[in-house]
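Heads up, there are several structures right after this.
Presented sequentially are two complexes of chain A, the first with chain B as partner and the second with chain C.
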Partner chain A sequence: MGFQNTLYCKVLVLTCILLLLSIPLAGSSYLNFLACMALVYSIWALGYNLLLGYTGLLSFGHGAYFGLGAYTVAILTTRYSIQSLPVVLGTAILVSTFFGTIIGYLCARHVAKYFALLTLAFSQLFYALTFKLYKWTGGSDGIGVKPLKLLGLEFSGIGDTVSYYYLVLLFFLLSLYTSWRIVNSPFGKALQAIRDNPLKAESIGIPVKRYKWYAFIVSTVYSGLAGALYAPLFGHVVPDLFHFSFSGEVLFATLLGGHRIFIGPVIGAIVFTIARSYITAVTIYWPLVLGLLLVIVALFFPHGVIGTLYTTLKGRFRRL
Partner chain B sequence: MRGILVTKSLTKFFGGFKAVDNVNLTLHEGTVTSIVGPNGAGKTTLLNMISGVVKPSSGRIYFMGRDITGLPVHKIVRMGIARGFQIPCVCSNLTTLDNVRVAVLSRMGKLCNMFKLVDGDGEVYSKATEILKTFGLYDKRDLLAQDLSHGDRKLLDIAMAFALEPKLILLDEPTSGVSSSEKNRIMKTVEKVIREKGITALIVEHDMDIVFSYSDRIIVMYDGKIIADGEPEEIMSDRRIESLLLGCERL
Partner chain C sequence: MGEVSRRDFIKGLIGGLIVGGIVGAAGGYVATPPREKTVTIEKTVATGTPKTQTVTVTETVTAKPSARKVPSKPIKLGVITVLTGPGAMLFSTGLKALEMEVEKINAQGGILGRKIKLIVRDSGGKPDKCIEHFKRLVTEEGVDYITVGATSAEACALAPIAEELGVLTLIQEGTATKLFEEIDPHPKYVFRIDNYDALDAISHAIAIHRTWPDARKFAVIGADYVWGHDEWNIITTVLKKLVPDMEIVAEAWPPLFAKDYSAHISKVLAAKPDVVELCLWGGDLVTCIKQGIGYGLFKQCRVSSVTGGEYIWGLGTECPEGILCSTRYYFLYPPWDRWPLNREFNEEFHRRYPNVRGGYPGFNCNSAYTAIHALKLAIEKAYTIVGGWPTTEEIISVMENLMVPTPGGYRYFRKEDHQMLGYAVSGLTKVSKEFGFAILDPVWVVTPEEMTPPPGVKWKEWVESWRRKE
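After this line comes the complex of A and B, so read on.
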């Protein structure tokens, strides 16, 4: 708690923001694209971690809300030629949050035991639906995405990567700030109480099921936003977004960085994106490498890579 | 005189085993009642039913005239019944201060706020520190609950129950697993707060000296049934109960 208020921390945050702002100065559109990707995953993981790290709920289905956001953008821009940035992003978030509200209710309120399994089942349901509703979704081919428009400017990862990067960065900083506020709010503390001890939480008057549901809804807002920003970045969306292995990526990124640390999911998302871009360049066995990495993290970095380093270093300093 | 808490023919079966057997109990407002009895007598199960953690097999529970049988735990808490646990029940990865703060926030109906910072709420902070000071935990406010000693976790558990400002408090062996010098400190604090605020209390306790010193009334449970009920002097002079309780103290 003290750390957050120190000058040291403020300087660190400011340096990171300046660093992020200056990425396009390198003039590489591949780097911009990669940075966009990392920030989109960060937004996704920040929301996801409100559930995993702060409420103690493991979801295997958060690809669904990411996918809903992405498909909403694709369908609106290509099928209906609606390209207004606020309208498209707003609708995408609404759609994924709408489904998050219904599915979250079913998962968190009624069947606490099978939470993880149920989230997975619902995401597979969407996966199957994208094939069935091929008139809308384009089936296995997926559909293209047109750029978003605001004030005469066009935003997409295909065109000017610099403007798109700054758009994503803006939403990333917003997500970072809001999720930090939530974590340190009364609601956030209630979630942490539930994570640590559901019986005690209930015994001090917290309606545990209802709060788990709220946490689920909030996390799907972030998933929807991330998915919505992802679609124009690639210019194309495919049903794989609803496949459970895609949901596994956000889980992996979060664990990689450490779900016990606020900034963990962001670090995890960045490391994950960079690692994937290198590994896919040299081998087609990315899923295999991903699996192996997950095993290594689970075995040797129980608190995530950053979390474990942090605890180890803290131990060292104490011994000195 | 109508009781603040009334149970009617309260019974709990675990499978075919009757853990609580037809308990009729009336607690009067502002009184301190102790439950004693050997291990397995059904004391914890009785508290679990009153606090809503365990659903009774049959019978009803009335709190301030309202039927609370089968209500969810958090609703019963909101009505004014708080609970301390036999095995300390705290949020281990939150600090001592935050544990109490969550309870205070819950009491004030401020929990469902996503946009304010907890640290910014001076009213909650001062209420929480007041409780921490009362229970001697103020110096440990920034420690994680998991790093507290067993006795301090027990105190924190109880402090959180008091932070809810209940009308009725249920305490399950508040001094178990605590050194004997600590025992008196805990019970002195508990008794002081209970008497000051006029809280009705139902306390499960093993140490007969402690029970005798603060209770208005003592209930003896055995095999799920209430086998004796009266003022401390009456109960202590009953030879039958004495031998029963001596047996249980050895356990």
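After this line comes the complex of A and C, so read on.
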């Protein structure tokens, strides 16, 4: 019986959910904001890990789909005054998935470094376009985002952060559940087979390129959703979201937590968000500190912090 | 009379003690004569007469006994600025000037006896980090006020949050025109110090026309992003009003942070313009001017730059003479003999930071000075009015229309949109052996009245409404 089906696991999941539900009870609007940010990054990392952890594809351009989701929300709410939550979020996910489908089709035909470079190139293309189309996008100044509305309630990270936190938490739990179902489905197992040995996977009848493309599309759905939730949280979006350095943040978070374990990217995203928040408040050399952290993770925790912990504990239990 | 139980006795005893305590305290309070607090405020005032020093005026204010007491703990001033990334060179000098002024104010006893404690955060020029710092400073670290030396994108992102959280926020730069035209048209807690982009462009266009009234054919080498295009759009809109038969003969748009401008210089030279405008800033402007020397740009036509006054020191003595440069504050204006505050500010900056910006402060240093002194002035003035430590709202009501003596002359906050107004400086470059780089000589100014749209009116509507006097 796997760890995931044990009573301990169920109790742990329930405790985590209760803990997440109780965060606003602390009464700190900054904590709510930070928690929202961590959950948004977690959704993004969950989708990203479908590619990196489960399909073995390294993307340097997932900021593009995050940015498309964020900019769709900004343009709809600010330029067209459309603030309906389901309409705005739905459109943001559609736009991001649409471009993900086209770009994914072109990228999934390639492997390893060529795949990585192509994703980076498309991301930089969107970055340049956002600068150029400044009448639409606001260029380097960016564009403001108005709150989302549903049933007379307003959702944004500027005003009442509690309601926005619960909205983000709802989408996080949905993402977590769907992602869990995907990785444990036959499709998810096929992706893992592709990751471990594409040739063998092909030989047993798995359409490798098509499945890689599907995985890419699914990951862009998560990225679009994360971007769409990020925009009202900050109330402003800028072209930096499309920049490859921003894409690097989700890669960092995923590696930090561990890309070979389902919950790794979520833990990585939470640790990354909290660490960055505190390190930037303490020192102006925070990029150096984060860089060092990445070096330490790469050298001493090749499976990420949670991944390494899990592997170690699993080994100990086996010995016992 | 019945027997008193033990329980009733204890109840009575506790009740008696409480009532007695209250009556005793009230009696003591009434019996004590009202205590008045006297606070001495020292103000440094430049007299403005030639070759005079600044004078310190002492004002004594007596606070009413009922007034809010001056807290004993230091004033926590949150500072969010860019200390890493491409904008760091520009913004870090503003922080240096701010630290210099805070040190001086603290040495003189602080603001009404309260020392200022700076809590500095680096945004790296990224709006999301800027917002994160802002929320943390306000909700977790309990800062009293915030000043921001940051990019336009950061200012635009920050303003709605500052209004929502109700924190007095002094934006030093962040000069996007749309900040008060679109994003925060009726600000309550947000004030901006520097001239914004539209004012830079309008004043520069006026300066071009005044310097070279015969110029008809114009060309531009501009940074290919929103700021470059917007500035050129405003400059040409104003020039069309001033010179109806003007003509744009060439436009070249190198990308931001380009390294090679040769194709762009060749393109504009081929069109034989009267004036070439360099709508660039920072290292881009310096690089373009250096490459332009080799192509004979400065011999074949007149050259102007909307931001030049801030960056020409970086060219050293290589800088070609006769470039018309504009800026928001120029370290030699007002002349030091006529405005001692400017001389003192420059001398102090030069003494502390001889290797920063050639040893002389730039526009963001002046705005940092202005931010801290405007806050000090507003708090002290509000204190004299309310007779106690003022609330944020009371400080704001004083800050609206507040006139502040700055190294760059007197500047004031406009009540309607919280934009500080001051003149813009333009001048022609001339190599100075004394300073070791090109300075602006002669220098002219464009006044706020000439370049600023009325409150609530967008720059385009205002410029379009200009009519030529026949």
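Here is the rule we go by: the second predicted complex is superposed on the first by the 310 of 320 C-alpha atoms of A that agree within 3 Å, B and C clash if a C-alpha of one lies under 4 Å from a C-alpha of the other, contacts with A are read in each partner's own complex, and residues count from 1 in each chain.
Here, contacts are C-beta pairs under 8 Å (C-beta built on N, C-alpha and C of every residue); 3 or more make two chains touch, one makes a residue touch a chain.
Please read these numbers as outputs of a predicted model, since none were measured by experiment.
Participant: Kindly classify A:W136 by the partners it touches after superposition: chain B alone (first), chain C alone (second), both, or neither?
Facilitator: After superposing on A, A:W136 lies clear of both chain B and chain C.
Participant: Examine A:F99 and indicate which partner it touches, taking first as chain B and second as chain C; both and neither are also allowed.
Facilitator: In the superposed model, A:F99 contacts neither chain B nor chain C.
Participant: Between chain B and chain C, whom does A:S28 touch in the aligned arrangement: first, second, both, or neither?
Facilitator: In the superposition, A:S28 contacts chain C only.
Participant: With the two structures laid over each other on chain A, which partner does A:D196 touch: chain B (first), chain C (second), both, or neither?
Facilitator: Only chain B is touched by A:D196; chain C is not.
Participant: On the A-aligned overlay, A:Y310 touches which partner chain: chain B = first, chain C = second, or both, or neither?
Facilitator: The answer is neither, since A:Y310 touches no partner chain.
Participant: Examine A:V238 and indicate which partner it touches, taking first as chain B and second as chain C; both and neither are also allowed.
Facilitator: second
Participant: What is the shared patch of chain A, the residues that chain B and chain C both contact?
Facilitator: Correct list for chain A: none, the interfaces share no residue.
Participant: Spell out the part of chain A that touches chain C in their complex, as residue ranges.
Facilitator: By the definition above, chain A touches chain C via 28-30, 33-34, 37, 131-132, 134, 138-142, 144, 158-159, 234-236, 238, 240, 277, 280-281, 284, 286-287.
Participant: Could you list, by residue number, the parts of chain B that touch chain A in their complex?
Facilitator: Contacts found on chain B: 51, 53, 72-74, 77-78, 82-83, 85, 89-95, 98-99, 101-103, 105-107, 110-119, 121, 142, 145, 157, 160-161, 163-164.
Participant: Over in the complex, which chain C residues touch chain A? Could you list them?
Facilitator: Residues 83-84, 120-122, 124, 126-129, 131-133, 135-136, 139-140, 151-153, 156-157, 160-161, 164, 176, 178, 183, 224-227, 229, 256.
Participant: Show me the residue ranges of chain A that touch chain B in the complex, using the header's touch definition.
Facilitator: 1, 181-182, 184-190, 192-193, 195-197, 199-208, 214, 218, 260
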